[in-house]
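Every chain is named by a letter (A, B, C and D) in the order it is written, and numbering of its residues begins at 1.
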Amino acid sequence: MALDDIYKEVILDHYKNPRNKRELPGAELQCHANNPLCGDEITVFAHVDGGAVAEVTFQGAGCSISQSSASMMTEAVTGVKIGDARGLAERFRGMMAGDVEPAEDEFGDLVALKGVVQYPIRIKCAVLAWDVLQEALDGAGSASGAQPHTV
Amino acid sequence: MALDDIYKEVILDHYKNPRNKRELPGAELQCHANNPLCGDEITVFAHVDGGAVAEVTFQGAGCSISQSSASMMTEAVTGVKIGDARGLAERFRGMMAGDVEPAEDEFGDLVALKGVVQYPIRIKCAVLAWDVLQEALDGAGSASGAQPHTV
Amino acid sequence: MNERTVSVKTAGAVGGLDVGAIRRDFPILSRTVGEHPLVFLDSAATSQKPNQVIDAEAEFTRHHNANAHRGIHMLGEEATQAYEGARATVARFLGAPEPETIVFTRGVTESMNLVAQGWGRTHLREGDEILITEMEHHSNIVPWQMTAAVTGATLRYIPLTDDGLLDLSQLGSLLTERTKIVSVTGMSNALGTITPLRQLADSAHAVGAIIAVDAAQLAPHSPIDVQALDVDLLGFTGHKMLGPTASGGLYGKSDVLESMEPMLGGGEMIHEVFHDHSTYKSAPFKFEAGTMPIAQQVGLAAAIDYLDGLGMANVRAHEEEITRYALDRLLDAGATVYGPKDASIRGGAVSFWFKDVHPHDLATILNEQGVAIRAGHHCAQLAMRRYGVPATARASFYVYNTKDEVDALVGALDHAQAIFS
Amino acid sequence: MNERTVSVKTAGAVGGLDVGAIRRDFPILSRTVGEHPLVFLDSAATSQKPNQVIDAEAEFTRHHNANAHRGIHMLGEEATQAYEGARATVARFLGAPEPETIVFTRGVTESMNLVAQGWGRTHLREGDEILITEMEHHSNIVPWQMTAAVTGATLRYIPLTDDGLLDLSQLGSLLTERTKIVSVTGMSNALGTITPLRQLADSAHAVGAIIAVDAAQLAPHSPIDVQALDVDLLGFTGHKMLGPTASGGLYGKSDVLESMEPMLGGGEMIHEVFHDHSTYKSAPFKFEAGTMPIAQQVGLAAAIDYLDGLGMANVRAHEEEITRYALDRLLDAGATVYGPKDASIRGGAVSFWFKDVHPHDLATILNEQGVAIRAGHHCAQLAMRRYGVPATARASFYVYNTKDEVDALVGALDHAQAIFS
């Protein structure tokens, strides 16, 4: 383990200069989730056209891993067929579980997050944006990985 | 520790040939308690006259220690002033706590129970009859050391 | 983390276990009582622990201790992995489909209370019935009495036959569509009886009830496959299966666990806390409030590794053989045995009354001969009352016991007879 | 059973503790993270354990293990004596009048749930109020929300000042004759704040309320005298005070304990069990259902012996000195600290935010330098929200920490700055 496995240039760049970080007025799909343990919050907005993710943006706050992952995600799935976006989400999750060896051309910048696997407690941060994306693509309402239940 | 510290002749004699083991019709004082852990049960009956324990008997079932202790107790407090009976109960309890060195003339056969101190879990057996006696002398109703509370 | 020096079969080993080798793993078994070697026949109360378990717990604490699921630092990661690894080990041992079906608790008493409160208080109302048996341990009676008092549900009991079996002849009238849950021991600690879990599960499911099992005695002494048994909930306790005190848990089918409310509120079981309400995590985490018995569950995993190394079928065969021998010898000696006399349908907890020596006296006398047995009602007062005894003496066996120890027990009975004749 | 090699004062020792000698008792402190020595600054989550504690627990299990309060045999007697001896040790440590005022639990989360359920559900009804504070740990919030939901009572909060103190200016309107219980932390794990317990106890008693204390952080770090504080109930947790996980308990005034219902039903807490009802033992036993964390409470007693050997006043003085130093250095380095800045009125849990580095990132970066801190909401989401942060970084100190370790922490902050600038 070394810090530059996790705090790679490209991650810090996405954190400091997040791509597609804005609301998307009129988005058909919108979904929010948070990880209260660390205070990470992500909302994903998506505009779907012809079975593909025409445009996708996010809003949020949190640690460098959660925010850079969201930023990279928006780049990775823009213009991608919904089925393929789902597939990428699955494979991203697989990479974070240590099961999937990422293909450079499919993953792009996302490959940089591979180092997070060595920091199990940070995996939740990396996966949060993808959880929200999947919920959004499922057309479901408000998402939360933890299935909260009210007292 | 040796078995003959606890299973002394005199204890076994009181167990096999219990003294004053019978109901006492018309007894003013009557009190019952049990120790469900081992199934020991003791009922004490007493007839009081002129501030003294004129007659005292017991009924019960259980281990040799609980039953012999009850038998010895009835002998020890018969004809004794109530205040003195209470005092003896206190000192008997003290002997079982290891605090009181029993005086042979006051304790009589009860001295034999001193060996039970080495078997802490059996102390409850030895003390049960005395608990019931004290409750009876207090004029209280049904006694139970454990202050049971109903679900 | 824990080294495994498990014992291998040797030629004449009882039930496939090399008991001599096993005994060397348990330092307490070399103790003496006066001049007598200790003969420990009280494993149904709590088992002894092998060095492998004690060392695993100590090693975790000495070198990897941290709170689980909290720290980003190295020790925090190590502790979380050890704790979740223990969950996976337990799940495998019980044949559970996935680690998330295992809730950790501090023992089966907490587990059965979690069932009675977490499931019972949300699912039961007046007119509903809870069906248990007269051979239950108090930990599977009192929680249901409390839940019945709060919900208005009625508690009913499957009676016992004179032989110490469940009397299922009246099951048709006891188990009806009013019954919402059947909660039953897998193996009685007072009578030794093994209950027909799969049959009871099918009967319960047929009327739309669920079934919960108190496996405090079954899990240490018999192979278990919760999926093959098709039980909905199953509690177990680590300290009776070579593990540390304060270890244990509750298996539950995912949907049943999700339908339950937590019994304890606090840290780590919540998702978000607001002034006026909170949201919870999903199972099993919503049931694990506060800092858990972390080192103890790690020790439990080492105990399971040890038992797995022996093979649970061998454990069962060994105990069946010893129990058969003990039943024969005790009956020969003139003892009255409560519970089934056939070792093939019962576990190794043998309750008896020897002539007219009160069990408390018997236990004291046997102790002086080095023989440790239990005397009392074994937290099963209803079963005691059923058989008209205030208490019994109980000898119980585990992987480290030998036929020689049964002989020591029976030999020591003579002393009792001599004293009380 | 446990040998005490406690550390003696030497000339320049901080706060009267010989930290060098103490550190040698904690093998985990010799670990390294990569090439860096481990700097463990997360004792508020769980403390490390000295050899004396690990050995006491292992020694009990290896040579004296049995169930407590059950066996007539030698091991049963030894186990009972060790377990009840631990109760007496705890009572002495807290200044309790007698051992029977101590209920053992598996930790403060169970203790506070026992208060909220065992006391709350019998004593509270609609119109009654429960008063807690906004700095509580979730284990002293969520149980009260559950009890409020069941009883109809209302939960109210003492707010916080900007400095992280209880804002007692509105106490008059918050604490009224409707208030039946005040439940408050003795020392905040998120802000470090020490609360004025005696003052709150007097105020509560003046309106006829009782006061319960969550002493999870106070007990490890400060002398406590429950009688001088005049608190009615006080929960504590062993694993934060050098003891094993799964150890802990609840002190209660005798009449308050007797007025409570048990939370868990099962073995050993009952007097008699019948088909339709049961009777219970008296306190503390009616609250100790089933097999308890026996070896763990024995370990806790060894931890208390260790702390007593150091002297709790010295422990407090040592931590005050380190905390003062840490506050100075962190503030100098540009960190924002949440909670009081005056070390004399606070404990050693220091929550901060360093520039714009998110606490999670900070904790990961510090870990690579060997420095273990906690990042998150510290199970105190209401306090986090009060100060407008989703999480903080938290360094916390104990008897084995040194000023050098504070320097290592502050030095490591530079790395974070370098990465994120």
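Keep in mind that, in the parts below, a contact is a pair of C-beta atoms (placed from the backbone, for glycine too) under 8 Å apart; a residue touches a chain by one contact, two chains touch by 3 or more.
Please read all numbers here as calculations on a predicted model, not as lab measurements.
Trainee: Stepping chain to touching chain, what's the minimum from chain C to chain D?
Mentor: 1
Trainee: Please name the chain that ends up farthest from chain D once chain centres are defined by their CA atoms averaged.
Mentor: Result for max centroid distance from chain D is chain B.
Trainee: Any idea how many Å lie between the Cα centroids of chain A and chain D?
Mentor: Roughly 38 Å, centre to centre.
Trainee: From the C-alpha centre of chain A to that of chain B, how far is it in Å?
Mentor: Going by mean C-alpha positions, chain A sits 76 Å from chain B.
Trainee: Once you find the CA centre of chain A and the CA centre of chain C, what distance in Å lies between them?
Mentor: 45
Trainee: Of all the residues in chain B, which ones touch at least 2 other chains?
Mentor: Answer for chain B, listing residues that touch two or more other chains: 36, 119, 122, 151.
Trainee: Listing for chain C: what residues touch at least two other chains?
Mentor: Residues 71-72, 76, 142, 145-146, 265, 272, 277-278, 360, 364, 375-376, 381.
Trainee: Please output the residues of chain C touching chain B within their complex, sorted ascending.
Mentor: Against chain B, chain C makes touches at 34, 142, 145-146, 149, 358-361, 364-365, 368, 375-377, 381, 384, 389-391, 415, 419-420.
Trainee: Quick one: which bits of chain A touch chain D in the complex? Just the residue numbers, please.
Mentor: For this pair, the touching residues of chain A are 1-3, 6-7, 12, 36-41, 61-65, 119, 122, 125, 151.
Trainee: Help me check something: in the complex, which residues belonging to chain A touch chain C?
Mentor: Within the complex, chain A contacts chain C at residues 34, 36, 119-122, 144, 146-151.
Trainee: Please name which positions on chain D make contact with chain C in the complex.
Mentor: 27-28, 31, 33, 38, 40, 42, 45-46, 48-49, 51, 54-55, 57-58, 61-67, 70-76, 106-110, 112-113, 116, 137-139, 141-143, 145-146, 155, 157, 237, 239, 244-246, 263-270, 272-278, 289-296, 360, 363-364, 366-367, 371-376, 379, 381-382
Trainee: With touch defined as at the start, can you tell me which chain D residues reach chain B in the complex?
Mentor: Checking each residue of chain D against chain B gives 71-72, 76-77, 80-81, 258, 265, 271-272, 277-282, 286.
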